[in-house]
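Sharing a structure here in C-alpha coordinates format.
Per-chain residue numbering starts at 1, and chain names A, B and C are given in the order in which the chains are listed.
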(Lines give C-alpha, C1' and ligand atoms only; values in the text may rest on other atoms or scores of the structure.)
Protein backbone atom coordinates (compact mmCIF):
# COMPACT_ATOMS: atom_id res chain seq x y z
CA UNK A 1 0.00 0.00 0.00
CA UNK A 2 1.46 3.27 -1.03
CA UNK A 3 1.98 5.77 1.76
CA UNK A 4 1.14 9.25 0.63
CA UNK A 5 3.51 10.76 3.12
CA UNK A 6 7.16 11.18 2.43
CA UNK A 7 9.56 9.66 4.91
CA UNK A 8 10.48 13.11 6.21
CA UNK A 9 6.84 13.85 6.93
CA UNK A 10 6.52 10.51 8.68
CA UNK A 11 9.41 11.36 10.94
CA UNK A 12 7.88 14.69 11.86
CA UNK A 13 4.56 13.02 12.62
CA UNK A 14 6.33 10.45 14.75
CA UNK A 15 8.22 13.10 16.65
CA UNK A 16 5.07 15.17 17.15
CA UNK A 17 3.19 12.17 18.50
CA UNK A 18 6.01 11.44 20.95
CA UNK A 19 5.96 15.06 22.08
CA UNK A 20 2.19 15.12 22.44
CA UNK A 21 1.71 11.83 24.23
CA UNK A 22 1.69 11.82 28.01
CA UNK A 23 2.56 8.11 28.05
CA UNK A 24 5.15 6.06 26.17
CA UNK A 25 4.02 4.98 22.73
CA UNK A 26 4.27 1.31 21.80
CA UNK A 27 4.80 -0.02 18.31
CA UNK A 28 1.08 -0.71 18.07
CA UNK A 29 0.29 2.97 18.78
CA UNK A 30 2.85 4.15 16.28
CA UNK A 31 1.44 1.93 13.57
CA UNK A 32 -2.00 3.33 14.26
CA UNK A 33 -0.53 6.79 13.89
CA UNK A 34 0.09 5.90 10.24
CA UNK A 35 -3.16 3.98 9.81
CA UNK A 36 -1.06 0.81 9.71
CA UNK A 37 0.42 1.88 6.39
CA UNK A 38 3.95 1.88 7.73
CA UNK A 39 5.63 -1.37 8.74
CA UNK A 40 7.36 -2.06 12.04
CA UNK A 41 10.79 -1.98 10.41
CA UNK A 42 10.20 1.39 8.80
CA UNK A 43 8.99 2.77 12.13
CA UNK A 44 12.04 1.40 13.93
CA UNK A 45 14.30 3.02 11.35
CA UNK A 46 12.54 6.34 11.90
CA UNK A 47 12.90 5.96 15.66
CA UNK A 48 16.63 5.32 15.23
CA UNK A 49 16.91 8.45 13.13
CA UNK A 50 14.98 10.43 15.70
CA UNK A 51 17.22 9.18 18.48
CA UNK A 52 20.16 10.39 16.41
CA UNK A 53 18.47 13.76 15.77
CA UNK A 54 17.93 14.31 19.48
CA UNK A 55 21.43 13.39 20.59
CA UNK A 56 23.23 16.41 21.92
CA UNK A 57 20.01 17.95 23.15
CA UNK A 58 18.39 18.14 26.56
CA UNK A 59 15.99 15.29 25.99
CA UNK A 60 16.52 11.85 24.54
CA UNK A 61 14.45 9.16 22.92
CA UNK A 62 14.37 6.13 25.19
CA UNK A 63 12.63 2.80 25.03
CA UNK A 64 10.90 1.76 28.24
CA UNK A 65 8.71 -1.23 28.99
CA UNK A 66 5.58 0.18 27.42
CA UNK A 67 7.19 1.87 24.47
CA UNK A 68 9.13 4.91 23.37
CA UNK A 69 9.19 8.29 24.95
CA UNK A 70 11.20 11.47 24.90
CA UNK A 71 12.57 12.24 28.33
CA UNK A 72 14.80 14.91 29.71
CA UNK A 73 18.37 13.93 30.47
CA UNK A 74 19.35 13.67 34.11
CA UNK A 75 22.18 16.13 33.53
CA UNK A 76 19.63 18.91 33.02
CA UNK A 77 17.72 18.18 36.21
CA UNK A 78 19.78 20.71 38.12
CA UNK A 79 18.38 23.45 35.85
CA UNK A 80 14.83 22.13 35.95
CA UNK A 81 14.97 22.12 39.75
CA UNK A 82 15.47 25.87 39.66
CA UNK A 83 12.04 26.24 38.10
CA UNK A 84 10.39 24.10 40.68
CA UNK A 85 8.87 26.46 43.20
CA UNK A 86 8.64 23.79 45.86
CA UNK A 87 10.89 24.53 48.79
CA UNK A 88 13.76 22.18 49.30
CA UNK A 89 13.28 20.06 52.40
CA UNK A 90 14.98 21.11 55.62
CA UNK A 91 16.78 19.02 58.17
CA UNK A 92 15.08 18.38 61.48
CA UNK A 93 16.17 20.31 64.53
CA UNK A 94 17.92 17.19 65.86
CA UNK A 95 19.99 16.92 62.70
CA UNK A 96 20.81 20.64 62.62
CA UNK A 97 21.83 20.77 66.26
CA UNK A 98 23.91 17.62 66.00
CA UNK A 99 25.68 19.05 62.99
CA UNK A 100 26.29 22.34 64.79
CA UNK A 101 27.83 20.52 67.73
CA UNK A 102 30.05 18.43 65.47
CA UNK A 103 31.06 21.45 63.41
CA UNK A 104 31.97 23.68 66.33
CA UNK A 105 33.26 21.12 68.82
CA UNK A 106 34.86 18.47 66.65
CA UNK A 107 36.01 15.87 67.24
CA UNK A 108 33.13 14.74 69.40
CA UNK A 109 31.55 11.46 70.39
CA UNK A 110 27.89 10.67 70.35
CA UNK A 111 28.01 10.93 74.12
CA UNK A 112 29.34 14.49 73.87
CA UNK A 113 26.50 15.42 71.55
CA UNK A 114 23.96 13.89 73.86
CA UNK A 115 25.33 15.73 76.85
CA UNK A 116 24.98 19.05 75.03
CA UNK A 117 21.56 18.35 73.62
CA UNK A 118 20.31 16.78 76.80
CA UNK A 119 18.61 14.00 74.86
CA UNK A 120 19.68 10.82 73.15
CA UNK A 121 20.94 11.18 69.59
CA UNK A 122 19.36 8.63 67.35
CA UNK A 123 21.54 6.58 65.04
CA UNK A 124 19.36 7.86 62.21
CA UNK A 125 20.52 11.42 62.80
CA UNK A 126 24.19 10.50 62.51
CA UNK A 127 23.50 8.23 59.55
CA UNK A 128 21.71 11.08 57.76
CA UNK A 129 24.72 13.33 58.15
CA UNK A 130 27.15 10.57 57.19
CA UNK A 131 25.10 9.68 54.11
CA UNK A 132 25.19 13.31 53.06
CA UNK A 133 28.97 13.08 53.31
CA UNK A 134 29.09 15.93 55.83
CA UNK A 135 30.48 14.06 58.85
CA UNK A 136 32.78 11.12 59.28
CA UNK A 137 34.38 9.08 62.01
CA UNK A 138 37.93 10.27 62.45
CA UNK A 139 38.93 8.06 65.36
CA UNK A 140 37.86 6.65 68.67
CA UNK A 141 38.16 8.13 72.07
CA UNK A 142 40.20 5.84 74.26
CA UNK A 143 37.65 5.41 76.97
CA UNK A 144 35.55 2.36 77.75
CA UNK A 145 33.49 1.44 74.75
CA UNK A 146 35.92 3.37 72.54
CA UNK A 147 33.22 5.66 71.16
CA UNK A 148 33.63 6.98 67.63
CA UNK A 149 34.81 10.55 67.22
CA UNK A 150 32.96 12.55 64.61
CA UNK A 151 34.25 15.47 62.60
CA UNK A 152 32.99 17.39 59.62
CA UNK A 153 34.34 16.69 56.14
CA UNK A 154 35.69 18.60 53.21
CA UNK A 155 32.35 18.04 51.46
CA UNK A 156 30.59 19.79 54.32
CA UNK A 157 32.77 22.86 53.81
CA UNK A 158 32.28 22.73 50.04
CA UNK A 159 28.50 22.36 50.30
CA UNK A 160 28.23 25.30 52.68
CA UNK A 161 30.54 27.39 50.57
CA UNK A 162 33.26 27.63 53.19
CA UNK A 163 36.98 27.36 52.57
CA UNK A 164 37.77 26.23 56.08
CA UNK A 165 36.14 25.76 59.45
CA UNK A 166 37.51 29.16 60.43
CA UNK A 167 34.90 30.63 58.13
CA UNK A 168 32.01 29.23 60.14
CA UNK A 169 30.14 32.10 61.77
CA UNK A 170 31.81 32.84 65.07
CA UNK A 171 29.92 32.18 68.26
CA UNK A 172 31.62 34.96 70.18
CA UNK A 173 28.54 36.11 71.93
CA UNK A 174 27.03 32.76 72.53
CA UNK A 175 27.08 31.37 75.98
CA UNK A 176 29.36 28.40 76.05
CA UNK A 177 27.83 25.06 76.48
CA UNK A 178 31.00 23.23 76.78
CA UNK A 179 32.79 24.85 79.62
CA UNK A 180 32.00 21.99 81.89
CA UNK A 181 31.47 19.40 79.20
CA UNK A 182 34.98 19.91 77.99
CA UNK A 183 36.12 19.35 81.49
CA UNK A 184 33.80 16.41 81.62
CA UNK A 185 35.48 14.60 78.83
CA UNK A 186 38.86 15.34 80.34
CA UNK A 187 37.92 13.99 83.66
CA UNK A 188 36.05 11.05 82.36
CA UNK A 189 39.00 8.88 83.01
CA UNK A 190 40.83 10.35 85.91
CA UNK A 191 44.15 8.90 86.86
CA UNK B 1 28.59 38.95 35.14
CA UNK B 2 30.25 36.25 33.14
CA UNK B 3 28.00 33.33 32.36
CA UNK B 4 29.90 30.08 32.42
CA UNK B 5 27.56 28.54 29.90
CA UNK B 6 28.00 29.00 26.20
CA UNK B 7 25.06 30.39 24.31
CA UNK B 8 24.51 27.00 22.68
CA UNK B 9 24.26 25.36 26.09
CA UNK B 10 21.86 28.05 27.24
CA UNK B 11 19.61 27.35 24.28
CA UNK B 12 19.57 23.63 25.04
CA UNK B 13 18.74 24.33 28.68
CA UNK B 14 15.95 26.67 27.60
CA UNK B 15 14.53 24.11 25.22
CA UNK B 16 14.76 21.36 27.81
CA UNK B 17 12.94 23.49 30.37
CA UNK B 18 10.17 24.24 27.86
CA UNK B 19 9.86 20.54 27.10
CA UNK B 20 9.82 19.62 30.78
CA UNK B 21 7.39 22.19 32.08
CA UNK B 22 3.73 21.29 32.36
CA UNK B 23 2.76 24.96 32.17
CA UNK B 24 3.97 27.88 30.05
CA UNK B 25 7.17 29.49 31.32
CA UNK B 26 7.26 33.23 31.93
CA UNK B 27 10.31 35.42 31.61
CA UNK B 28 10.72 35.34 35.37
CA UNK B 29 10.89 31.54 35.34
CA UNK B 30 13.35 31.55 32.48
CA UNK B 31 15.64 33.98 34.27
CA UNK B 32 15.58 31.76 37.33
CA UNK B 33 16.55 28.88 35.07
CA UNK B 34 19.85 30.70 34.56
CA UNK B 35 20.14 31.93 38.14
CA UNK B 36 19.35 35.41 36.85
CA UNK B 37 22.69 35.52 35.07
CA UNK B 38 21.10 35.96 31.68
CA UNK B 39 19.25 39.17 30.86
CA UNK B 40 15.75 39.42 29.43
CA UNK B 41 17.07 40.48 26.04
CA UNK B 42 19.44 37.53 25.79
CA UNK B 43 16.62 35.17 26.73
CA UNK B 44 14.31 36.73 24.15
CA UNK B 45 16.99 36.27 21.50
CA UNK B 46 17.36 32.62 22.45
CA UNK B 47 13.59 32.19 22.30
CA UNK B 48 13.58 33.71 18.82
CA UNK B 49 16.31 31.30 17.76
CA UNK B 50 14.40 28.39 19.22
CA UNK B 51 11.24 29.41 17.43
CA UNK B 52 13.28 29.42 14.24
CA UNK B 53 14.82 26.02 15.05
CA UNK B 54 11.40 24.48 15.53
CA UNK B 55 9.85 25.88 12.38
CA UNK B 56 9.23 23.11 9.89
CA UNK B 57 8.58 20.63 12.65
CA UNK B 58 5.41 19.31 14.25
CA UNK B 59 5.54 21.59 17.25
CA UNK B 60 6.04 25.31 17.61
CA UNK B 61 7.10 27.78 20.24
CA UNK B 62 4.28 30.18 21.08
CA UNK B 63 3.78 32.96 23.58
CA UNK B 64 0.55 32.85 25.57
CA UNK B 65 -0.73 34.71 28.63
CA UNK B 66 1.47 32.91 31.17
CA UNK B 67 4.55 32.68 29.03
CA UNK B 68 6.17 30.54 26.39
CA UNK B 69 5.01 27.08 25.50
CA UNK B 70 5.93 24.40 22.99
CA UNK B 71 2.77 23.07 21.42
CA UNK B 72 1.94 20.77 18.56
CA UNK B 73 0.73 22.39 15.38
CA UNK B 74 -2.95 22.15 14.54
CA UNK B 75 -2.05 20.54 11.20
CA UNK B 76 -0.84 17.43 13.02
CA UNK B 77 -3.94 17.03 15.16
CA UNK B 78 -5.46 14.65 12.64
CA UNK B 79 -2.62 12.19 13.34
CA UNK B 80 -2.70 12.68 17.08
CA UNK B 81 -6.44 12.03 17.08
CA UNK B 82 -5.71 8.54 15.76
CA UNK B 83 -3.87 7.81 19.00
CA UNK B 84 -6.41 9.39 21.26
CA UNK B 85 -9.84 9.43 19.69
CA UNK B 86 -11.35 10.97 22.80
CA UNK B 87 -12.08 14.61 22.26
CA UNK B 88 -12.74 17.14 24.97
CA UNK B 89 -16.50 17.53 25.47
CA UNK B 90 -18.33 19.89 23.17
CA UNK B 91 -20.02 22.53 25.22
CA UNK B 92 -23.71 23.29 24.98
CA UNK B 93 -24.89 26.61 23.62
CA UNK B 94 -25.73 27.69 27.15
CA UNK B 95 -22.13 27.07 28.24
CA UNK B 96 -20.63 28.69 25.15
CA UNK B 97 -22.78 31.80 25.38
CA UNK B 98 -22.17 32.13 29.10
CA UNK B 99 -18.43 31.90 28.48
CA UNK B 100 -18.62 34.55 25.78
CA UNK B 101 -20.53 36.93 28.04
CA UNK B 102 -18.03 36.44 30.85
CA UNK B 103 -15.07 36.82 28.48
CA UNK B 104 -16.31 39.99 26.78
CA UNK B 105 -18.22 41.66 29.59
CA UNK B 106 -16.24 40.66 32.69
CA UNK B 107 -16.64 40.99 35.55
CA UNK B 108 -20.30 39.93 35.46
CA UNK B 109 -22.79 38.40 37.86
CA UNK B 110 -25.04 35.51 37.09
CA UNK B 111 -27.86 38.05 36.90
CA UNK B 112 -26.00 39.99 34.21
CA UNK B 113 -25.59 36.82 32.17
CA UNK B 114 -29.26 36.00 32.56
CA UNK B 115 -30.29 39.46 31.42
CA UNK B 116 -28.25 39.14 28.25
CA UNK B 117 -29.46 35.64 27.42
CA UNK B 118 -33.05 36.18 28.49
CA UNK B 119 -33.12 32.87 30.35
CA UNK B 120 -31.96 31.50 33.68
CA UNK B 121 -28.36 30.30 33.87
CA UNK B 122 -28.12 26.96 35.60
CA UNK B 123 -25.53 26.41 38.30
CA UNK B 124 -24.28 23.47 36.24
CA UNK B 125 -23.26 25.80 33.43
CA UNK B 126 -21.06 27.89 35.71
CA UNK B 127 -19.68 24.80 37.43
CA UNK B 128 -18.66 23.33 34.08
CA UNK B 129 -16.64 26.42 33.23
CA UNK B 130 -15.13 26.64 36.70
CA UNK B 131 -14.12 22.98 36.59
CA UNK B 132 -12.35 23.61 33.31
CA UNK B 133 -10.41 26.36 35.06
CA UNK B 134 -11.65 28.96 32.58
CA UNK B 135 -13.69 31.19 34.89
CA UNK B 136 -13.41 32.16 38.53
CA UNK B 137 -15.13 34.35 41.10
CA UNK B 138 -13.14 37.57 41.42
CA UNK B 139 -15.33 39.37 43.94
CA UNK B 140 -18.87 40.35 44.82
CA UNK B 141 -20.93 43.19 43.53
CA UNK B 142 -21.85 45.49 46.38
CA UNK B 143 -25.60 45.27 45.95
CA UNK B 144 -28.15 43.39 48.06
CA UNK B 145 -27.33 39.69 48.04
CA UNK B 146 -23.70 40.49 47.12
CA UNK B 147 -23.75 38.34 43.97
CA UNK B 148 -20.47 36.77 42.86
CA UNK B 149 -18.61 38.47 40.02
CA UNK B 150 -17.17 36.12 37.41
CA UNK B 151 -14.15 36.69 35.19
CA UNK B 152 -12.06 34.51 32.90
CA UNK B 153 -8.75 33.09 34.10
CA UNK B 154 -5.26 33.06 32.69
CA UNK B 155 -5.75 29.37 31.95
CA UNK B 156 -8.60 30.34 29.65
CA UNK B 157 -6.25 32.59 27.67
CA UNK B 158 -3.50 29.96 27.70
CA UNK B 159 -5.83 27.23 26.50
CA UNK B 160 -7.02 29.35 23.59
CA UNK B 161 -3.47 30.42 22.76
CA UNK B 162 -4.05 34.08 23.63
CA UNK B 163 -1.69 36.48 25.37
CA UNK B 164 -4.34 38.80 26.74
CA UNK B 165 -8.04 39.60 26.54
CA UNK B 166 -7.17 42.18 23.88
CA UNK B 167 -6.49 39.29 21.56
CA UNK B 168 -10.05 37.98 21.78
CA UNK B 169 -11.73 38.16 18.38
CA UNK B 170 -13.23 41.60 17.98
CA UNK B 171 -16.98 41.87 18.13
CA UNK B 172 -18.44 42.54 14.75
CA UNK B 173 -20.87 45.38 14.56
CA UNK B 174 -24.29 43.94 14.42
CA UNK B 175 -26.63 45.42 11.86
CA UNK B 176 -29.42 47.50 13.19
CA UNK B 177 -32.55 45.58 13.93
CA UNK B 178 -34.94 48.25 12.87
CA UNK B 179 -35.20 50.19 9.72
CA UNK B 180 -35.57 53.45 11.56
CA UNK B 181 -32.97 52.67 14.17
CA UNK B 182 -29.71 51.81 12.49
CA UNK B 183 -27.14 51.14 15.19
CA UNK B 184 -29.91 52.03 17.59
CA UNK B 185 -28.16 50.70 20.65
CA UNK B 186 -25.40 53.26 20.47
CA UNK B 187 -27.85 56.13 20.19
CA UNK B 188 -30.27 55.18 22.88
CA UNK B 189 -31.59 58.69 23.14
CA UNK B 190 -31.89 60.04 19.59
CA UNK B 191 -32.53 63.70 19.14
CA UNK C 1 -47.79 36.66 8.99
CA UNK C 2 -44.72 34.50 8.42
CA UNK C 3 -45.26 30.79 8.66
CA UNK C 4 -42.52 30.46 11.27
CA UNK C 5 -44.53 32.38 13.74
CA UNK C 6 -47.01 29.63 13.82
CA UNK C 7 -45.40 26.72 15.58
CA UNK C 8 -47.43 23.56 15.71
CA UNK C 9 -47.75 22.19 19.24
CA UNK C 10 -45.85 19.00 18.47
CA UNK C 11 -42.87 21.12 17.46
CA UNK C 12 -42.52 22.41 20.96
CA UNK C 13 -39.66 20.04 21.75
CA UNK C 14 -37.88 21.26 18.64
CA UNK C 15 -38.33 24.86 19.69
CA UNK C 16 -36.98 24.17 23.14
CA UNK C 17 -34.03 22.41 21.56
CA UNK C 18 -33.32 25.00 18.90
CA UNK C 19 -33.72 28.20 20.87
CA UNK C 20 -32.11 29.24 24.08
CA UNK C 21 -35.18 31.20 25.15
CA UNK C 22 -37.70 33.80 24.04
CA UNK C 23 -35.00 36.38 23.25
CA UNK C 24 -33.26 33.90 21.03
CA UNK C 25 -36.52 33.00 19.29
CA UNK C 26 -37.44 36.63 18.77
CA UNK C 27 -34.03 37.38 17.37
CA UNK C 28 -34.40 34.50 14.97
CA UNK C 29 -37.79 35.68 13.80
CA UNK C 30 -36.60 39.22 13.25
CA UNK C 31 -33.47 38.16 11.38
CA UNK C 32 -35.19 35.49 9.38
CA UNK C 33 -37.94 37.75 8.13
CA UNK C 34 -36.23 41.07 8.25
CA UNK C 35 -38.98 42.22 10.53
CA UNK C 36 -39.32 45.52 12.14
CA UNK C 37 -40.40 44.92 15.65
CA UNK C 38 -43.36 47.16 14.86
CA UNK C 39 -44.44 44.86 12.09
CA UNK C 40 -44.70 41.84 14.32
CA UNK C 41 -48.38 41.06 14.51
CA UNK C 42 -48.53 41.31 18.24
CA UNK C 43 -51.87 39.66 18.72
CA UNK C 44 -50.79 36.58 16.77
CA UNK C 45 -47.40 36.31 18.43
CA UNK C 46 -48.89 36.74 21.82
CA UNK C 47 -51.50 34.08 21.18
CA UNK C 48 -48.80 31.71 20.04
CA UNK C 49 -46.51 32.48 22.96
CA UNK C 50 -49.41 31.92 25.31
CA UNK C 51 -50.02 28.54 23.69
CA UNK C 52 -46.39 27.52 24.33
CA UNK C 53 -46.63 28.77 27.83
CA UNK C 54 -49.66 26.60 28.40
CA UNK C 55 -47.82 23.56 27.08
CA UNK C 56 -44.62 24.33 28.92
CA UNK C 57 -46.24 24.84 32.24
CA UNK C 58 -46.11 21.14 32.99
CA UNK C 59 -42.49 20.45 32.15
CA UNK C 60 -40.57 23.72 31.90
CA UNK C 61 -42.30 26.16 34.15
CA UNK C 62 -39.31 28.46 34.38
CA UNK C 63 -38.95 28.72 30.64
CA UNK C 64 -42.69 29.23 30.27
CA UNK C 65 -42.45 32.24 32.51
CA UNK C 66 -39.69 33.68 30.37
CA UNK C 67 -41.73 33.32 27.17
CA UNK C 68 -44.66 34.88 28.95
CA UNK C 69 -42.52 37.78 30.03
CA UNK C 70 -41.38 38.31 26.47
CA UNK C 71 -44.95 38.29 25.18
CA UNK C 72 -45.88 40.85 27.80
CA UNK C 73 -42.94 43.01 26.84
CA UNK C 74 -43.87 42.97 23.17
CA UNK C 75 -47.43 43.91 23.97
CA UNK C 76 -46.26 46.71 26.17
CA UNK C 77 -44.01 48.09 23.44
CA UNK C 78 -46.75 47.85 20.88
CA UNK C 79 -49.23 49.63 23.08
CA UNK C 80 -46.82 52.40 23.94
CA UNK C 81 -46.02 52.91 20.29
CA UNK C 82 -49.71 53.28 19.58
CA UNK C 83 -50.24 55.91 22.24
CA UNK C 84 -50.63 59.34 20.68
CA UNK C 85 -47.62 61.55 21.33
CA UNK C 86 -48.44 64.72 23.11
CA UNK C 87 -47.20 67.94 21.67
CA UNK C 88 -45.08 69.06 24.59
CA UNK C 89 -41.29 68.97 24.19
CA UNK C 90 -40.74 66.71 27.19
CA UNK C 91 -42.61 63.93 25.53
CA UNK C 92 -40.29 64.18 22.56
CA UNK C 93 -37.42 63.52 24.94
CA UNK C 94 -39.05 60.35 26.22
CA UNK C 95 -37.12 57.24 25.16
CA UNK C 96 -38.39 55.13 22.32
CA UNK C 97 -40.20 52.21 23.99
CA UNK C 98 -38.36 49.86 21.66
CA UNK C 99 -34.92 51.10 22.67
CA UNK C 100 -34.40 48.78 25.63
CA UNK C 101 -35.52 45.71 23.69
CA UNK C 102 -33.34 46.72 20.77
CA UNK C 103 -30.35 47.12 23.08
CA UNK C 104 -30.94 43.71 24.58
CA UNK C 105 -31.42 42.02 21.22
CA UNK C 106 -28.25 43.60 19.85
CA UNK C 107 -26.24 42.65 22.90
CA UNK C 108 -27.51 39.10 22.80
CA UNK C 109 -26.77 38.78 19.12
CA UNK C 110 -23.29 40.14 19.66
CA UNK C 111 -22.64 37.64 22.44
CA UNK C 112 -23.96 34.80 20.31
CA UNK C 113 -21.53 35.74 17.59
CA UNK C 114 -18.76 36.04 20.17
CA UNK C 115 -19.52 32.53 21.40
CA UNK C 116 -19.18 31.16 17.86
CA UNK C 117 -15.91 32.99 17.42
CA UNK C 118 -14.58 31.69 20.72
CA UNK C 119 -15.61 28.16 19.84
CA UNK C 120 -13.74 28.58 16.56
CA UNK C 121 -10.44 29.53 18.21
CA UNK C 122 -7.84 26.76 18.27
CA UNK C 123 -8.21 25.12 21.64
CA UNK C 124 -5.71 23.09 23.62
CA UNK C 125 -6.37 19.32 23.70
CA UNK C 126 -8.82 19.72 20.85
CA UNK C 127 -6.91 21.41 18.04
CA UNK C 128 -3.38 21.16 19.38
CA UNK C 129 -1.55 19.73 22.38
CA UNK C 130 1.32 20.53 24.66
CA UNK C 131 4.68 19.34 23.36
CA UNK C 132 6.41 17.78 26.32
CA UNK C 133 9.17 15.45 27.26
CA UNK C 134 8.93 13.04 30.15
CA UNK C 135 10.70 14.11 33.32
CA UNK C 136 11.96 11.18 35.37
CA UNK C 137 10.61 11.92 38.82
CA UNK C 138 13.04 9.65 40.64
CA UNK C 139 15.87 11.72 39.22
CA UNK C 140 14.84 14.60 41.34
CA UNK C 141 15.27 13.60 44.94
CA UNK C 142 16.00 16.92 46.57
CA UNK C 143 18.55 17.24 49.32
CA UNK C 144 17.85 19.50 52.25
CA UNK C 145 19.58 22.85 52.13
CA UNK C 146 21.61 24.28 54.96
CA UNK C 147 23.31 27.62 55.44
CA UNK C 148 26.08 28.40 57.89
CA UNK C 149 23.57 30.67 59.61
CA UNK C 150 21.41 27.61 60.31
CA UNK C 151 24.23 26.19 62.37
CA UNK C 152 24.44 29.36 64.42
CA UNK C 153 20.70 29.28 64.92
CA UNK C 154 20.87 25.65 66.02
CA UNK C 155 23.63 26.59 68.41
CA UNK C 156 21.62 29.44 69.86
CA UNK C 157 18.77 27.02 70.41
CA UNK C 158 21.07 24.73 72.30
CA UNK C 159 22.46 27.61 74.31
CA UNK C 160 19.04 28.81 75.31
CA UNK C 161 18.04 25.33 76.36
CA UNK C 162 21.21 24.52 78.21
CA UNK C 163 20.93 24.62 81.97
CA UNK C 164 24.59 25.44 82.18
CA UNK C 165 24.90 29.16 81.87
CA UNK C 166 28.56 29.63 82.54
CA UNK C 167 30.06 32.13 80.21
CA UNK C 168 32.54 30.77 77.83
CA UNK C 169 33.86 32.35 74.72
CA UNK C 170 34.10 30.15 71.70
CA UNK C 171 36.58 31.98 69.62
CA UNK C 172 37.85 31.55 66.13
CA UNK C 173 41.21 30.54 67.52
CA UNK C 174 39.69 27.79 69.53
CA UNK C 175 37.73 26.71 66.52
CA UNK C 176 40.95 26.52 64.56
CA UNK C 177 42.44 24.27 67.18
CA UNK C 178 39.39 22.06 66.93
CA UNK C 179 39.55 21.84 63.19
CA UNK C 180 43.25 20.94 63.31
CA UNK C 181 42.50 18.32 65.89
CA UNK C 182 40.16 16.69 63.43
CA UNK C 183 42.72 17.05 60.65
CA UNK C 184 45.44 15.35 62.68
CA UNK C 185 43.14 12.54 63.76
CA UNK C 186 42.10 11.96 60.18
CA UNK C 187 45.74 11.78 59.15
CA UNK C 188 46.62 9.38 61.92
CA UNK C 189 43.64 7.22 61.09
CA UNK C 190 45.10 6.72 57.65
CA UNK C 191 48.69 6.18 58.71
CA UNK C 192 48.56 5.04 62.34
CA UNK C 193 52.02 6.44 63.11
CA UNK C 194 53.32 9.69 61.69
CA UNK C 195 56.57 11.41 62.38
CA UNK C 196 56.10 14.64 64.28
CA UNK C 197 57.87 16.83 61.77
CA UNK C 198 55.90 15.26 58.96
CA UNK C 199 52.67 16.11 60.73
CA UNK C 200 53.56 19.77 60.60
CA UNK C 201 55.07 19.56 57.14
CA UNK C 202 53.76 21.96 54.55
CA UNK C 203 52.39 24.35 57.15
CA UNK C 204 54.16 27.55 56.26
CA UNK C 205 52.00 29.97 58.14
CA UNK C 206 53.39 30.44 61.62
CA UNK C 207 49.92 30.89 63.03
CA UNK C 208 48.83 27.62 61.47
CA UNK C 209 51.90 25.91 62.87
CA UNK C 210 51.14 27.21 66.33
CA UNK C 211 47.50 26.21 66.12
CA UNK C 212 48.44 22.76 64.85
CA UNK C 213 50.83 22.35 67.75
CA UNK C 214 48.12 23.43 70.17
CA UNK C 215 45.77 20.96 68.52
CA UNK C 216 48.31 18.21 69.04
CA UNK C 217 48.69 19.12 72.71
CA UNK C 218 44.92 19.18 73.10
CA UNK C 219 44.68 15.73 71.51
CA UNK C 220 47.26 14.42 73.95
CA UNK C 221 45.40 16.02 76.81
CA UNK C 222 42.17 14.41 75.66
CA UNK C 223 44.11 11.14 75.35
CA UNK C 224 43.25 10.82 71.72
CA UNK C 225 46.85 10.54 70.55
CA UNK C 226 50.09 9.33 72.01
CA UNK C 227 53.50 10.74 71.40
CA UNK C 228 56.52 8.52 71.63
CA UNK C 229 60.26 8.92 71.36
CA UNK C 230 62.57 5.93 71.70
CA UNK C 231 65.64 7.89 72.71
CA UNK C 232 66.71 11.48 73.08
CA UNK C 233 66.96 13.15 69.68
CA UNK C 234 65.36 10.14 68.04
CA UNK C 235 62.38 10.89 65.78
CA UNK C 236 59.21 11.75 67.63
CA UNK C 237 56.23 9.69 66.53
CA UNK C 238 52.60 10.62 66.88
CA UNK C 239 50.01 7.88 66.84
CA UNK C 240 46.46 7.19 67.84
CA UNK C 241 46.12 6.31 71.46
CA UNK C 242 46.76 2.61 71.94
CA UNK C 243 43.65 0.51 72.02
CA UNK C 244 44.02 -1.36 75.25
CA UNK C 245 44.39 1.78 77.26
CA UNK C 246 45.38 0.99 80.81
CA UNK C 247 43.26 3.82 82.18
CA UNK C 248 40.23 2.49 80.40
CA UNK C 249 38.96 0.53 83.33
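By definition in this document, a residue touches a chain if its C-beta (ideal position, glycine included) is under 8 Å from a C-beta of that chain, and two chains touch if they have at least 3 such contacts.
Predicted model, so just to flag it, every value in this text is computed and none were measured.
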Chain whose Cα centroid lies at the greatest distance from that of chain A: B
Centrality ranking, top chain (CA atoms only): C
Best-connected chain pair, where connection means C-beta pairs in contact: A-C
Chain centre separation in whole Å, for chain C relative to chain B (CA means): 16
Centroid spacing, where centroids are CA-atom means, of chain A and chain B in whole angstrom: 37
Intercentroid distance (Cα basis), chain C paired with chain A, Å: 26
Multi-chain contact sites of chain B, meaning residues that touch two or more partners: 16, 19-21, 58-59, 70, 72-73, 80
Contacts with 2+ other chains: residues of chain C: 129-133, 135
Chain A residues within the chain C interface of the complex: 16, 19-20, 22, 24, 58-59, 69-72, 74, 77, 80-81, 84, 86, 88-91, 93, 96-97, 99-101, 103-107, 116-118, 132, 136, 138-144, 146, 149, 151-152, 159-162, 164-172, 174-181, 185-186, 189, 191
Residue ranges of chain C in contact with chain A within the complex: 129-136, 139-140, 142-159, 161-172, 175-176, 178-179, 181-182, 185-186, 188-189, 221-224, 240-243, 245, 247-249
Sites on chain C touched by chain B in the complex: 20-24, 30, 36-38, 62-63, 66, 70, 93, 95-96, 98-99, 102-119, 121-133, 135
Chain B residues touching chain A - in the complex, by the definition given at the top: 12-13, 15-17, 19-21, 25, 29, 32-33, 35, 57-59, 70, 72-73, 76, 79-80, 82-84
